[in-house]
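Accompanying notes for the structure given below.
Just so it is clear, A, B, C and D label the chains in written order, and each chain counts residues from 1 on its own.
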């Protein structure tokens, strides 16, 4: 293939590429530096520590449960926002992102105000045998609160992309509203819902502030681990940077691997 | 039989109002109207897919206005087909059968029937995105017919197709209706489609039904400007196409033989643009293959041009200039010859 | 106007509306409960405390600076991602969201690894007289790191929506690359860039974990306040829920008011 | 003068290759090719908006291949206009003047000139989104001409317009070129546009220039099937339209007077579809207003139909059936009459 004739590159392109490089270095240099700063031996040793692996498993597990609940509750909302029009809908759509921008420690306290045992929901759920303060359930709702908007926004885009007349045709062919949703709308919006779920799961795993407030040490697998982001901060506060390093590397690696793998799966589907 | 009584539907900008229609069992009923007249919404309202504000819809003596779409027994085919993109052609056709608790064997049989009926057996394993417009439309028809609906609703089924495909599929629709005997409600803005296919035509304009009748009645006594304009600008005839000879087909139109070029046979319609017809005082021997004698029935001036109606006794409208009128000294009742080329006759 | 004829609502609609209601209650009940739990008198009193108002001002200021830097560096990257195609671009676009999903405490430590005085960038900037540990600059980079993806994604969408032929026409009319960018691309993508900036600012203000690690008490306005999310967590840890309440309310109110006001401005533009 | 030498451009799927063209100062040059032939990319390559792989572009003796678009002095008008949606019509037109360090007074004057030239003074305060297609195209022309470019590049400027607007704007383009004397390079897939406007035409097919010449040369001696097909399916003539009488206009085509219906005057082109022409052995007195004698020059069978070329001495191609050929016993050199209605003549 012949290359295009050389022309003096535009000044703007050069400046823009330099600035872009700067920002990419800013985002990725800390991650690469950290990830490469500990040898595999140290990492393996750290992973075998009981409070490390229980903490990591707790984080993965709680974020996964949060995502499942989010799917169950968030997908219907996304569908309604995509299909119906009602007064104040635009405003409501704007408000959906609020959990992203509320300071996370404040979000944790706000959750405590309704899910604490002496409060509204807390009392109802306590009656059902579920407590949220310093329990896995608490970790789950803290993660769910801050990560739900990612799933809702993405699922909404997915449903918007499904031609409403496909659902109408399904109805005239004898499908009930449920059947039309399950056989037409859901399969066609699935890629977006899946990639929103990936984002929600990964974002849930990253939560620190809200979890710290609502559920510090929680009973899990016969021990009392903390969420992995708390573990990192604890080690840093107690023993300093060098001591926190291997745990940090592990936590970042797990986030990166989960996120990149699942997002690649989600994107591959979209492209074909 | 479908009865629509005092139907009123909110279209946002305007209303479909006071819609009353009686559609017979097995009838091919056309709803004709310009773009934006609310034709699609009317179909969706009948199918229960669009909310109605007032009125009643009856099907075989039962009111269905409050039923969910899946209980109404109406199949719909949209202009751009709306095939399920995640399903193969076969699964698209079988889609509705899944809800009828048929045994698997029965489902396969029914799909085969539909595929045979529409001659699309070579497409069954394909994905809808790989099909041409005409093929997609046939799949959509097969899908709608598979569940054996009482009424088939067609939303401009031919208007997104190229002219050739359109003509072919129009023939297939007519044949399909003869064979399946389903009641069809077909909306279109294309008058020739209406004439070619419809047992009866309702003209919809600005949210109201302005005329109902056979295509011929609507054409001869138009009550709307849309129809009147169309009627003046086309000579529409019905006839029987017989055998061809030397590349021609002889069409018998009320006892008069007209030469045309077409593959169609039996009952056909012809249209002939007024500006393609010559008027003369003697017969013309020329490569124009139709030269017929008649009597000037009417002379209608329209600005710079003049429409002359000649009765053979079937009536043809011709377009001539004022100059020609004077040169030929045309008067009402005068005997003239009309001449037009076989190729100028559009058969459909 | 005549109402549509009543028809028994579909079961699915009822269920979906109920589930949607549940999720909206889950998101908004904690916020409303918290916001209404303190009287205006208490709030005003709290706001006048020196460590409260300096903390809030520090947070607003640092997030604002982070957004400005983000605009300067992130908009060029967004433009390049929208206009150019190159090998690995799809993958890179996926990676841009990584700061959202890295546990925030780990992100703080990763930043420390490159911006700490003894490390790479830290040493360079130290030579220039800028330190990042326990300084306002540290708060700024922590906020910037976690909130940049929101601006980049939104600006990229904005530039994608600008017909590239408008830029081409501008060039043939005598505009240089810079002039075409400033007079055509930027004004037309402005709404998206602005709403991305709102999101970045609000998200920056909400950051807790990364700021906690990198810059705890920082010198600001002659005092040593902490970021407001840290203030909330500190008060909760030291004095308990009741003591943390007024600060929490203030912090949430400020986030909500800023976010809703600015997003309304951004959306109004889009609709007209 | 524009010289293009051995230009090669990568279009992804295929290449524009070995493009050599010489375009004279002030010429109206047409690049004619089917959709997807790479016409738009060729224009963008000339303007410096699309990278070229090889070759040279010269303008007035200076190589410009390496210059940025803003240094080439070429204005471009796209099919769908690409007006700046955030600027008023006035500011769209003034856009390019901002970079020429004109005093404010001069800018206003130049905008007024352009607005006057294109007769759009009533639109200046409007927002582009409120304009019709034809109005938008005039604004785009005014914007491109405002900076006084050496070359005006037109990318299918008429093809997104409805037929009526198209005809009007085509006339305005011709007049504009007479008045402004800018070199125009106009790409199109529409042969009639090429004939009506072009001093010379280059035919582009599958990435290569297959023929360059005057519209008449290209039509009479087509080297590409695209052109040959077009030439057979249309009779294209050039003539002078004189005064009208009784609704007719007499067009003098090489000494032969043809009656047509048109408002156009002076130099015009006519096209006449072969199937609209009758051939007969006697003159026909009828409402067909043109009956001319000639000699059969050629008989070309094409499947079911036959093209007969009649020399008057200007050549007209007629379409007849095999039956007619036999009935009329047509032979080469035979004297015949050709007859067609004034209304069948398309003047452009």
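Note that a contact is a pair of C-beta atoms (placed from the backbone, for glycine too) under 8 Å apart; a residue touches a chain by one contact, two chains touch by 3 or more.
These numbers were taken from a predicted model, which means no experiment stands behind them.
S.K.: Touching chain C and chain D alike: which chains?
M.R.: A, B
S.K.: Compared with chain A, which chain's mean CA position is the farthest off?
M.R.: Chain D.
S.K.: Please tell me the distance, in whole Å, between the geometric centres of chain A and chain D computed from their C-alpha atoms.
M.R.: Here chain A and chain D have centroids separated by 58 Å.
S.K.: Where the CA atoms of chain B average out and where those of chain D average out, how many Å apart are those spots?
M.R.: Chain centres of chain B and chain D, defined by C-alpha means, are spaced 37 Å apart.
S.K.: Determine the centre-to-centre distance between chain A and chain C, using the mean Cα coordinates as centres, and give it in whole Å.
M.R.: Distance between chain centres, rounded to whole Å: 16 Å.
S.K.: What parts of chain C, by residue number, touch at least two of the other chains?
M.R.: Residue numbers touching two or more other chains: 10, 176-177.
S.K.: Where in chain B do residues touch at least two different other chains?
M.R.: 68, in rising order.
S.K.: Touching residues of chain A toward chain D in the complex: what are they?
M.R.: Within the complex, chain A touches chain D at residues 1-5, 7-8, 10.
S.K.: Give every residue of chain A touching chain C within the complex, in rising order.
M.R.: 10-13, 15-17, 19-20, 22-24, 26-31, 33-34, 37, 72-74, 76-77, 79-80, 90, 92, 94-116, 119-121, 141, 144-145, 148, 152, 176-178, 181, 199, 202-203, 205-209, 212-213, 228-230, 232-233, 236, 241, 244-245, 248, 251-252, 255-256, 259-260, 263-264, 267, 271
S.K.: Help me check something: in the complex, which residues belonging to chain C touch chain D?
M.R.: Going by the criterion above, the answer is residues 163, 165-166, 168-177, 179, 183-184, 187-188.
S.K.: Which of the residues in chain B end up touching chain A in this complex?
M.R.: 44, 47-49, 68-70, 72, 74-76, 78, 82, 84-86, 95-96, 99-100, 143-144, 147, 149, 153
S.K.: Going by the contact rule set out above, which residues of chain B touch chain C in the complex?
M.R.: 8, 10, 51-54, 65-66, 68
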